[in-house]
Amino acid sequence: MISPSSSWLIWPIIAPLMGAVLCFLSGKPPRRTGLFFAVLTSGASLVLGWQVLARGIESYAMGAWRPPLGISLRADGAAALMVTMTAVTGLAVSIYSGGYFQSRLTGDDRDRCRLAQEQSFWPLWLLLWGALNGLFLSGDVFNIYICLELVALSSVGLTALSGKPPSLVAAMRYLLVSLLGSLSFLLGVGFFYKTCGTLELAAIISALTPTPPVIMALALVSAGLLLKTALFPFHFWLPPAHANALSPVSAILSGLVIKGTWYLFYRFWQEEILLAAVGAVPAILGGGAIAWGAFQAFSQQRLKMLVAYSTVAQIGYLFVAFPLLADPAGMGGGAFFYFAISHSFAKGAMFLAAGTFLLQMGHDRIDDLAGVRQLMPVSSFAFALGGLSLMGLPPSGGFIAKYLYVTTAIGQGRWWLALIVVLGSGLTAAYVFRAVAAILSPRLLAERPQLMVAASMQWSALALALMAMLLGIIAPLPLALMGVK
Amino acid sequence: MTKVGKERTPHNRGWQRLPIMALLLLFLAALARAYLFPGASAAGLAARVDASLAAGGVGSRVTAVLLNFRAYDTLLECFVLLLGVMVVWSLWRPDGAESREPAAGAILASLERLLVPLMIMVGSYLLWAGSDRAGGAFQAGAILGGAGVLLLLDSSPLLKVFPKRGLVPGLCLGPLFFLSASIAAMAWGGNFLEYRSPEAALIIIALEGAAAFSIGLCLAALFGGRPPEREAGDGRDRPSRDRGEFR
Amino acid sequence: MTISPALIYGLTGLALFVIGLAGLLLCQQLLRKILAVNVMASGVFLFLVTIAHGSGALTDPVPQAMVLTGIVVSVSSTAAALALLCRIRESADHRDLSQKKGER
Amino acid sequence: MTAVGAFDILLCLTLIWLAWQVLASRDPFRAVVLFISFGMLMALGWVRLQAPDLALAEAAIGSGLTGALFLSALRKVIGGKKDERRLDRDEEAQ
């Protein structure tokens, strides 16, 4: 049925969907089924990444109906890179979650609620994973709309899972924003269909012309995606949603979900003509995001809030480099994706580590976290490493990304862009130091409470942080994958 | 009757709303201009659909698009419905939600005795008709879902006929069957979701049946909003055990 | 350009989209916001189907299939939104989404 | 394509008016009922646009089921009489 030569393109989508249904069917909290399918999905994704690296672009016609009539999947280097990124972060989060729900069991009444949470978590998370992979690999704009809805609805379900009023309100706001974004996207798809007569993404992008309907279509699609990506000034819904969710969910939302819509935005905006004309718009918004997010992150009292506002700032970096793409020969694209991946790993690790602190201490007030290092050295180290990668210190993946940004920007004569990146790193350093200083503070804890956090949680956070560091060392591999166009 | 005019509504409370309104009007004008822009319409896919209809095994054009050409969309859509049920159920809590008493009534009960069999019949007809006329899995599922909602409205005793343990498998039947049949198509040497053998029409009808059943059940479960009693490990209390299988 | 029914319905669809958007931005109640999203969705669906008419004499089944899918997606998210609304109302008296008025 | 009938224009204007009323009327219950009739009229529009599949789906799901969902949510939210008063007061406070 599956020969080594056949394409693995569909499996990163099918495997988690299958897993989600089976988890939903299970009467007990489906930890084993969930973990099994998480491993399966990661495996399929990594094989796909390797296939694309070895053989070039993969494509697959669903039901053997070719576009424009049918829907085809397509994996070029960028898509394969995103799927691989999702596999690594997703696997770490899954292993973390395996311990997370168990660690929170205390033997009292609340356990029921927690087991119910776990029961809902696995199917929602696997569906989200499948939908994200579907988003990265899809070659059809209407299909992308359905994937966007799947991603949004499962993210909202996951956000609301903690059941606390702030997270419920955040989930509601998230849902409304997502629906608005999806509908705007769908209206844009309508305009595209009217002018191009097809729903195939590649055909639409190659047929972009500056007529009012096409401009309107692109504006609607972009606005919808920016809203969902939470680029400044559309970021208002993000920090409460990310900070109040359960910790594995925060890592998923910040590390992965944001990247899905950002990636689509990139897909629509990769045309050189477009970037030359209005590429500065996302860059300016990105600059605003870097400044505002960093300022807000610095002034937060809660660790998870700080990390969430840091996401607002880091989204800025994802957009600030759009003008660099105008030169196809440059390294703009590489820097771009390098940043996305290293942010996914680093931010995932930071949220996972913050989750262990929250679970152990019962709070995440930054000023009262001093001494946590003795209790959870592994998590503390993971948080610090993630922070280093965010700041862009060598040898982290963040360093490579920023190095590529700056050299490409200077090479193209865009000094202001290089300046933004360097200044932004300074701001990042400020708020990361504030958190890391508290966590690594040598102060002793008054009494040593019993350790409640499962070892698998601390180690999966560390593994993800180490991956962010490793990215800097194995740089040629992702860049080679990125080069598959 | 109170006349609810523009000025008296609570939603435009004064002048600070005006700039937003003005911007929205401008936006509408831009949309209309883009829509009316002359000469910018491409021929759609209608001709292509017609050309490939014979190979698809279904007579109805919309059904052919839904279940054959763009079956992947439909597969994902079944998952959207299932996801909706998952989210609604994950939000349900045993406490507090009990305020919803059955709105029983003699009229509703007799209405239901008449309507529910009728709806099931209409649903089956739509499923069958879908292959060459209007109708199909979604419409049939919608009607079945409507029947389910009607039953739920007054916690009809008819609901007891439906086994409690069957609910979740019933919800999953459509997506699971869809996925498995599509993977099986690969085992026969085709692509994922490829039904182009002489039996295509048969497979599609079977798929439609399973999908319609699950869609109907999902829609009713969305309305019911409450997971069935699960086994130990979940341990949710069920304050009222006798009524409503999936309320 | 001759005025066809498709044209009228298409413009109506766009108008419904904008009215829904206005409701989403300006209404304070969550229930109203959810209704507004549904109105927006109806507008988009109406617009999509009229594209099929504008392009030729044949009605195009592809947008019709898209709208059929869209209707099902929309009921799913509406159900989720309403369940969330009920949960919010149960746990606290959070009527407004945003404390800060100018935010949205 | 047939020429525009007065019926189409009337239907479209009614749709727009209903949409506005759904969002602007004071009473949430009234808004929901208006929304259901909005959906029904929309189904009529699908018939006019030669999309009977959509008319069926809209009547059953878009109007019927969504309407039922809204009504049931409204009942849960309003709950007892005390809450109903609160809802009114909040409404005026806005």
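By written order: A, B, C and D. Residues from 1 in each chain.
The definition used in the following text is that a residue touches a chain if its C-beta (ideal position, glycine included) is under 8 Å from a C-beta of that chain, and two chains touch if they have at least 3 such contacts.
This one's a predicted model, so the numbers in the text were calculated from it and none came from an experiment.
Taking the CA centroid of subunit A as reference, the farthest chain centroid is that of D.
Of the two chain pairs examined here, B-D and A-B, the one linked by more C-beta pairs in contact is A-B. Averaged Cα coordinates give subunit B a centre that lies 19 Å from the centre of subunit D.
Rounded to a whole number, the gap between the C-alpha centres of subunit A and subunit C is 28 angstrom. Averaging Cα coordinates per chain places subunit A and subunit D 37 Å apart.
Shared contact sites, meaning residues of subunit C that touch two or more other chains, fall at 7, 11, 15, 17, 21-23, 27-28, 32, 34, 47, 51, 54-55, 59, 62-64, 68-69, 71-73, 75-77, 79-80, 83-87.
Residue positions of subunit A with contacts to 2 or more other chains are 142, 146, 149, 153, 156-157, 160, 163, 193-194, 197. In subunit D, the residues touching two or more other chains are 23, 53, 57, 61, 65, 69, 72, 76, 91, 94.
In summary, the structure contains touching chain pairs A-B, A-C, B-C, B-D, C-D.
Interface residues of subunit D, counted against subunit C in their complex, comprise 1-5, 8-9, 12, 15-16, 19-20, 22-23, 28, 31-32, 35, 38-39, 42, 45-46, 48-51, 53-54, 57-58, 61-62, 65-66, 69-70, 72-74, 76-77, 90-91, 94.
The part of subunit B that touches subunit C in the complex is made up of residues 10-12, 17, 20-21, 24-25, 27-28, 31-32, 35-36, 38, 41-47, 49-50, 61-62, 64-66, 70, 73-74, 77, 80-81, 83-84, 87-88, 91-93, 96-97, 138, 215, 219, 222-223, 225. By the touch criterion stated above, subunit A contacts subunit B in their complex at residues 1-2, 10, 14, 17-18, 20-21, 24-25, 27-29, 60-65, 68-71, 112, 115-117, 119-120, 123-124, 127, 131, 134, 142-143, 146-147, 149-150, 153-154, 156-157, 160-161, 163, 191, 193-198, 211-217. Within the complex formed with subunit D, the subunit C residues making contact are 2-9, 11-12, 15-16, 19-20, 22-23, 27-29, 31-32, 34-36, 38-39, 42-43, 45-46, 49-50, 53, 57, 59, 64, 67-68, 71-72, 74-75, 78-79, 82-83, 85-86, 89, 95.
Remark: subunit C residues 1, 7, 10-11, 14-15, 17-18, 21-23, 25-28, 32, 47, 51-52, 54-56, 58-65, 68-69, 71-73, 75-77, 79-80, 83-84, 86-87, 90 touch subunit B in the complex.
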